[in-house]
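In this document, chain identifiers A, B and C correspond to the written order of the chains, with residue numbering beginning at 1 in each.
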Amino acid sequence: MVMALTGRRLRRRWRLVATGLVIAFFLLVAFLPEVFAPRSPTAFDTARRLEGPSRDFPFGTDDLGRDILSRIIHGARPSLIIAFGAVGIAVVGGVTLGMVGGYYRGLWEWLPMRLVDVMLCFPPIVLAILIVGFLGPGMANLVMVIGFLYVSRMARVVHGATLSIRDSDYVEAHRAVGAGGARILLRGILPNIMAPVIVQATLMLGTAILVESGLSFLGLGVPPPAPSWGDMIGRGRTFMLNSPTGVVFPSVTLMVVVLAFNLFGDALRDHLDPRLRGAR
Amino acid sequence: MWGFEVEPPPLDPHRWGGTDSATVIVNVYSTLFKWTYGEKIVNDLVDQWTMVSPTEYRVRLRRGVRFHDGTPLTSADVEYSLGRILTPATGATWRGQLAIIRRVEVIDDLTFRLHLSAPIAPDLLRELLSMPHTAILSKRWMAQPRNFAVEHMGSGPFKFAERRHGISILLERNPYYYEEGRPYLNRVLFTIYPDEELRTAALKTGVIHVNHYLPWKDIETMSKDPGIAIGMTDWAFLDVTFNVTAPPFNDRRVRQAVGYAVNRKAIVDAAFFGYGAPITGGVLSGAHFKGQWYYNPDTAGYWEYNPTRARELLREAGYPNCFRATILTSGDHHMHWVAAEIVQAGLNAIGCNISVDKREWGTRVALGNREQYQFAINGKGPFLSDPDFYMTWYYSKLAPLYHRPAGYNFPGLDALLERARSLTDQKERLALYKQFEQEFLKESPAIPLVFRTQATAYRKKVRGLEVLRGPGWPLTGKLLENVWLD
Amino acid sequence: MRAYVARRVVTALGLTVLVGILARSLIHLLPGDPVSLILGSETAVDPQVLRTVRAQLGLDRPVYAQVASWIGGLFRLDLGQAFSTGQPVIEIIAETLPRSLYIVVGGTLVGTLLGIPLGVIAALHRNRPLDWIASGIAALGISTPVFVVGTLLVLIFGVELRWFPASGYVGFSEDPSAFFRRLTLPVTTLGFGMLALIERMTRSTMLEVLGQDYVRTARSKGLDRRRVVYRHALANALVPVVALVGVELGTLLGRTVLVEYIFNWPGMATMLLRAVRFRDYAVAQGIVLVISLIFIFVNLLADLLYALLDPRIRYE
């Protein structure tokens, strides 16, 4: 019995550790791309454009004849900055708006949630085109745009979750001991809505990079020569018929990272949420 | 059966709305002259054309031409149509080019006199009057307000039948067409495919028969398809324009340094998959102009990829460590931003710090029109088989326009263009254009980069179609009246 | 309850007008002039021509006057006219909205019908191969952009195998079978991304519910496992999923931008993208207005459904 329990716990830890290691590896690559990249991400040779994998270029070359592997490695930093930056904005903004809107009634429910509605009414790509249009392209602007797009989505999720527990005994208990609004939100509600927030946030990490690739597909990604995975996918799609590696390798990389984030998120939530410990 | 890139705007026959829109207009309307096989300009509505003096022509119209409603086309319709172009309220694209027309004097139903305010090269005038924007409308039909998005009344080989917004435009055979037996086709359907991939797929699967704008990346694969023919011609080109009033590009040596720092061959490879050619001198030095009276090989070889020379020029200009600058380009067109990236790479290789500002097309146009940029990539297509096309791009007495250099003001260059336009002798004109190109290279307010090859792909069962070369390319659709399907 | 609904409806209407005005202001902030975009890109345009056309389109008036006349028009159900084609905006919407709804509703159905069972399976087989497979499919769905999925489908099923037409649109009334054949690929593309989101959400809420006391109590009372899962757990787990579908259905209309683009589907999102690109103010404004109307009302419905499904939520 004891053995079985530790075994299961170990396995749970193991998942956390394994996915954590994958993420740590990508972070390391993002910090030190020069160490990992075999070539310069910007040096081009148009005579060797759109080649398949070879000894010189393990992942092939892009439309300018640049090494795709090196670009993926150098693309880790901008891509992760976009993902984490945008999701960071979304979590802070969305949790605040959603909790306030879910917990309070009257004006304080009305105002944040209607604000969210207005934001959600704009199709993301179109809103992104509009904002990038007058802010101009650039990394910081991209992070802001995508973060802004996600605030409203996060807020909806948090709002729903908050609504479902605002009258629970647990929150009631906090209220009974005379806790103030901020304290109830932070101590009573926040821990109990972490599960959907984590799931949503890990989903967003992947999709944030995709929003960028959509923008890039429409010609509005991260300005060159800085490579980003989204930009590579958007650009690779144009030449998919000529050479599929330009879209396959960045997509697979993105998929691995998304999968790692999702599994890490699941494991983390299992770990944090005491109710799930004995489940199944 | 014909794939379009964008949905044509309302198709006012006197306004330029892009190549696709022109393809519709040239088939619905007739003009005084028209383009045909071999890039020749032949009579369309005109039967006889006599020069009375350099500023007066006597014109007799073709007998028996009727509009799609069966009413005859007369001199009054020509008078009305040219008058409509010259009325500012119309917003006709070529009002400026045709402003030399003083008036049309109607003599009888089929005869009129064209009075000009100044002499103009006769071939140039004929060519101007062959452009889709000089379509002859029915005066009677135009008496009521009309919506060109959905209705048209011309005398061309096909009549406008139906527009399905965002999907297609359908033309049907004009039974009254003046040429007996033509057109052969009963219906022509233009379908809109904004995505290149889809347009190519549609041609491959036979959903459309003609793709007038085949992406360069698909030329090689499509040419292997036994059912598909491809016609190619060099047509438009890319250049870099500078804001010549602000540092660092207010110094001609810095502008020239850019000309030497760019690897033009790399642009031809990356942007056009090798289907194009570096421009090593003035635009008229392009090899595809060989055989034309205005071909000017004198300046060829002026530009070369020479980073050392570029570095020297920068040192002379007082920028030994180069400079920081931003190049404006369009994010909607792969060729534009790839060219910008190669300019960026070339300059960064000699120590500059260049960033690329990739903007959505509308924004890019607006920033250009406001002259809010340091240097920029542009695409330019000559619409005339006459070097007068230089007027459009490098004539500084016009309002700022996004593809003209910013702060551009070179009276010497303007004078050469004005004079070359007014002469009737081709040799004298050529001498002036040669001089213009020399001076232009010296100042370099803009630096031509590469020509691009325009490819039109069509299924082999489409007979009678041929790609018009050079400036005729956008008007290839005019040949539809001679086309049949096997 | 009825008062609550009435209040929400009134608010919703107010919000949509606000969104419309906001949309117009945002496009105005974007540099670019509809006239120079309409008049084409490769020839020089006479400045006087520009002025004339601007006046014809009413663009010479101050922005606030343009907005005011737009609001005035709302009462007559007149959303203005497209600069590019002269067609009334309301007509454009009537024509293109159903086309977009076909693929949005189809995609949502595909995504929901496949996503919920997949999520349930993943939750029941947590940390076992079936869960991993489901998670893998979801990760693929999340990390592959629609334009890549769409292009692949076109190339495989449209060009190589020729099972389905690569693109284009045929109305249902014109030819029902051609209509459905053309609908297949866009719906699949949209559904694939949706499936991933729903799978993740279902899995996580299922797990949460399965861990809760009442489910455990039910289990310990010796109730049939299947019954517990489907009657108790699933019903509760679906509440947030319904909310998600609600949020998504509205936003999917906008998210179809890329799908419509890739499949050359002449829907409302395509029109919106074009309107933004060519600064066709009235069209963009009108379409955003309609999307927000749909969005706000779908969400209102989702909220009410929420209350119906989850007894813990009350509205007053």
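The rule we apply is simple: a contact is a pair of C-beta atoms (placed from the backbone, for glycine too) under 8 Å apart; a residue touches a chain by one contact, two chains touch by 3 or more.
None of these values were measured; they are calculated from a predicted model.
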Longest centre-to-centre distance from chain A, chain (CA-based): B
Central chain (by mean CA position): C
CA centroid of chain A to CA centroid of chain C, Å: 21
Centroid distance [mean C-alpha coordinates] between chain B and chain A, Å: 45
CA centroid of chain B to CA centroid of chain C, Å: 39
Contacts with two or more other chains, residues of chain A listed in rising order: 129, 133, 240-241
Shared-contact residues (touching 2 or more other chains) in chain C: 30-32, 151, 155
In chain B, residues with contacts to at least two other chains: 197, 332, 360, 362-363
Touch list for chain B against partner chain A, complex: 196-197, 217-218, 221, 265-266, 269-270, 330-334, 337-338, 340-342, 344-345, 355-360, 362-363
Complex contact set, residues of chain A against chain C: 11, 15, 110, 114, 117-118, 120-127, 129-131, 133-134, 153, 156-157, 160-161, 163-164, 167-168, 195-196, 199, 203, 206-207, 209-210, 213-214, 217, 233-234, 237, 240-241, 247, 251, 254-255, 257-259, 262-263, 266, 269, 273, 275-276, 278-280
Residues of chain C that touch chain A when the two form their complex: 11, 15-16, 18-19, 22-23, 26-27, 29-32, 126-127, 135-136, 138-140, 142-148, 151-152, 155, 197, 200-201, 204-205, 207-208, 210-212, 239-240, 243-244, 247, 250-251, 253-255, 257-258, 269, 272-273, 276, 288, 291-292, 295-296, 299, 306, 310, 312-313
Contacting residues of chain B [partner chain C, same complex]: 7, 9-10, 15-18, 21, 88-93, 95-96, 147-149, 165-167, 191-195, 197-198, 201-202, 204-205, 207, 236, 332, 360-363, 365-367, 369-370, 379-381, 383, 391-393, 398-399, 401-402, 404
Of chain A, residues touching chain B in the complex: 42, 44, 46-47, 49, 63-65, 129, 132-133, 136-137, 218-221, 223-225, 238-242
